[in-house]
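Next come two complexes built around chain A: one with chain B, the other with chain C.
Up next, the complex of A and B:
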């Protein structure tokens, strides 16, 4: 795990007892994890009573350094001891390493989820709904008398292709059997693959 | 069920008894051809010149036959009802038989052509799938995320068919299968079967 000079500098400031008291360190560490996990930017993330007396520029620099360090760690799947030794190199004392790395371990899984969702992927099917209908007649043909289904696939993240709508289509009973058969094939293969 | 033919329509078909039965057969062949491929007005000109009739007379004859065929196919008229419907036109038995044969022979093809005209949503054509495992991304270097990537082919009314690339996770795939199996089961239950039997 490599950290840039400015991040290292920020972390070193965070480790400095003359700049951050223990309560301030704890508050900033919490703020760093919270801002990564909250999903949307909260302007007041650094407005904590324990951080009141710290200079704002320094505070922002340290916050940026801490979040970068956390993200790099999760990105490279660094474990608690790797983070600890990294912080040790940056002159953190034992107590601060303990606080930081414990929080890291606690939130790592959740952060992995956040990071795994970044990036492009095809629209994701979440659910399907269906309606069974009976086609009796239309303007061109009478006595059609065929049951058919109207399927609607609920799709998420379709914005990339410019259509956030569900996918709606018709299928006859035979076509639906075909569709389900193919999905079952896929499920069977998945099961086999997971047993390897 | 009998066809109801208007007076105007009867006038249009009045040309048929005036010509040779072979010509009526030819008109019938042209009518079926036009139903398949669309009307080609040059054919009217050629036929009119040969027979010495005005173009409109030929046109009325052929299009009259087209109407007779599409209406009968639309209503799924039986051969006996077709005979009785045509009887109203007052043609010779030989001519009636030619029309009946024309109807019986082309019934299925015309019906399938008509079926395509019905308005419809995109319809299912095929589903292709593959199993993927996401191993890493820019934001996350080490991952093992199983995924099912699917390509759904849909047939649309327009010239180009739609293909949708979709993805889902294994748990959702199982959920989809169970939802759709419930859909398949619902057409087979007694209630649905009773209703389908009784709507005719």
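Up next, the complex of A and C:
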């Protein structure tokens, strides 16, 4: 895990006992995690009685550094020991490391969820129903006599949580076979990927 | 490393070997013990079924060897062997004991093997490879079987039915096996080699040579040449094949042995995650527990949209404190970073993006500073400011060239608005202080000027015309129209007149401008001429003044000239005096300067080297750290049951064995020594007794005739006995020699010398025939 110079500076001042008292440190750590996890932008996140005496610019700087550090840690899937050693390098004392890494461990999964939600996800198929139909003739050809399938895939859409949608389409036997073959291929390659 | 430190082919590696040799699937490898224990009743019946149940048209049966001699597989066997394995007496009709019981005891296994070998098999279907003699050890059995299978499976070469061990490999088989191995090890190298032996002798020789070369390129240390392949002998082929099999690449094993890089670790983690998720059953959305919700249902997905953040510090380390207003803004107005973006997803994305941008900028600066900045010998700030000014200049130039280009293009064209604008700008730029100094304006400016000056007059006229027409409101429309027409015509006329006038005036202007320029030039010329003339006049006037007292004045002038010449000389000498030390000083300083330059460049290169070293060591340290972590993780993952004690026990056993052997050797040695001593004793005794007897009898022989006879007998006896001993000794040496020779014969037999010689002879004949045929062809041709 690599941290930029400004983030390191911010964290170093956070580690400085002359700038942050233990209570202030705790409050700022909580505020950092809270601001990352709360769904809405809270502009009063830093207004805490324990942080009242601290200089505002420094406070904002340390807050930015702490949030960045937390996000980078979660992005790199850093475990508690990695975070601890990283903080140790930034002259944190044992008590502060303990406080920070404990709340990191506590919120890591939630933060992972937040990060995992970034990006696009294809809809998930929940169910499928089908019907076989027989095509006898059309406006141009007197005798077609081909079977075809009406398929309906019930999907769970990624964008809107819990909303189910139907995707309807029809296809010939060959197309259906192709689809099934491709799905089998996908399943197989997934399995292959799991056996690295 | 296919074979581990105990010389064993690991189970996992067998599959790799099979894969690499591309043994087709239908050639199934079956462990005999597996077969035996899947079919019921007594051994006899089981065997009959087992061999046929393998099902294939041809079956190769290869046996491991379970001799008493130490084998590489010992430790595996010892691992399998439990405590207190009972020994059985097996016959063809006893029921088969449990699998565990057989597997755990070597003696049971050996018995079972013997039974298997003695079983009467349908000879047409089943091929027993190395039965009974069991020369081939377990690890080799695997390899041989795979080789055979590989050869058989891909090219359907007729593997001779009686191939029982490496000993019976034919040249074709060897070549094919080696070529396939080489191809797997190094596709580029193996590509040019054909696995089939050509019929022609010389071609065969060439194939052999190229194969030998390929093997040597792969690093084979032993003796190798075309003869290895064409006239094979067992030990050579065996060692070659072992070497090649050892060289076969193992992807999976490598991954576990060599600590992989970051990406491999990540991939493994991904694989593990996928596996875990695959293991969970799928549940419909309504039944999902919160734990499953995370992986199985699609959460709200937000695209990665970063927004610029305003940070409470400046990312550029300028070292200056920002102005008071900025500080106030930061203190009072600026929101915390997490509150700045409009929603949460953007917040996370923006923070990550901001950080990555900072990191990459720092990296870029680092690399630039190391490559160019250090060489410029400036402080970082100076370097930055210089770069800034350079960039500014570049931008200015770019802008200028971009703005001047289109004006040049379109000034030649018809439309003039943009070009006029540009020219206007240019003219403003060039002639802002004194517009009238620039006699040539553009057409546009002139017309503009004129229209602006003319306009008021025209307006007044128009106003007057309108005013005059106003009171006459009572007139009929036709009249009004007519009057308007008239007015229009007159106005147009006026306009034309004015335009004409303007044109005339412009022409006039131009002419005047031209004449003005000419006149100014003329004036300047005249003035110059005037000055020159004034100068000559002055000189002439002075000379004229001096003329009356010519002699005196001449002398004075000469004095003056001489004085000034002297002064020049003295000044020159003075200058010389000052100059030399100055020049020396200059030289010294120059030298100093170059020295310093060199010194600084040396230091610079040193600094660069140091930087490089630092980076390298940092990288190394990082790599080692990750390696260490990985190894620790691997160590934790390793099974704990393989304890040290087992190995130490094994080592101790081996040591005990060696000790025992040593004792035996010393015993035998001491026995031999004792025997030697006894023999020596006896010969000494014999000699002494003989001497005494000889003396006694000789004394008596002088007196008595019969004693003389007995003395003769004695001498004869002694001689005969000596001869006898000699013969016995000779027999001993001959016996030893015979044994040596027998051994030699055996080894020679092992090398298939006779067969090889015969084949060499045949090949020789073939080559000769080929040569003769070629020669005849040449002659015919």
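The rule we apply is simple: the second predicted complex is superposed on the first by the 121 of 196 C-alpha atoms of A that agree within 3 Å, B and C clash if a C-alpha of one lies under 4 Å from a C-alpha of the other, contacts with A are read in each partner's own complex, and residues count from 1 in each chain.
One rule holds for everything that comes next: a contact is a pair of C-beta atoms (placed from the backbone, for glycine too) under 8 Å apart; a residue touches a chain by one contact, two chains touch by 3 or more.
Since we're looking at a predicted model, the values are computed, not measured.
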Item to check | Touching partner for A:105 - first (chain B), second (chain C), both, neither | outcome: neither
Checklist entry - In the superposed arrangement, which partner chain does A:56 touch: chain B (first), chain C (second), both, or neither? => result second
Next on the checklist: With both complexes superposed on chain A, which partner does A:116 reach: first (chain B), second (chain C), both or neither?
Outcome noted: both
Checklist entry - Is A:42 contacted by the first partner chain B, the second partner chain C, both or neither? => result second
Next on the checklist: By the touch definition at the top of the document, which applies to A:76: first (chain B), second (chain C), both, or neither?
Outcome noted: first
Checklist entry - Touching A:176 in the superposition: chain B (first), chain C (second), both, neither? => result first
Checklist entry - First (chain B), second (chain C), both or neither: which does A:64 touch? => result second
Next on the checklist: Quick check on the superposed pair: does A:190 touch chain B, chain C, both, or neither? Answer first, second, both or neither.
Outcome noted: both
Item to check | Which of chain B and chain C A:4 touches, first, second, both or neither | outcome: second
Checklist outcome for this item: Where chain B and chain C land on the same part of chain A: residues 75, 77, 115-116, 118-119, 121, 123-124, 126-127, 190, 193-194
Next on the checklist: Applying the document's contact rule, which stretches of chain A touch chain B when the two form their complex?
Outcome noted: 74-77, 112, 115-116, 118-119, 121-130, 132, 134, 136, 138-145, 147, 149-151, 153, 155, 167-171, 173, 175-180, 182-187, 189-190, 193-194
Item to check | Complex interface listing, chain A residues touching chain C | outcome: 2-7, 9-10, 35-36, 38-43, 45-46, 55-57, 60-61, 63-64, 67-68, 71-72, 75, 77, 113-121, 123-124, 126-127, 156-162, 164, 190-191, 193-196
Next on the checklist: For the complex, give me every residue of chain B touching chain A.
Outcome noted: 70, 73-76, 111, 114-115, 117-124, 127, 129, 131, 134, 137-143, 145-146, 148-150, 152, 154, 164-170, 172-177, 179-181, 183-184, 186-187, 192, 195-196, 199-200
Checklist outcome for this item: Residue positions on chain C within touch of chain A in the complex are 267-272, 274-275, 278, 284-285, 294, 296-304, 309, 311-313, 315, 317, 327, 330-332, 334-345, 347-349, 351-352, 354-355, 358-359, 362
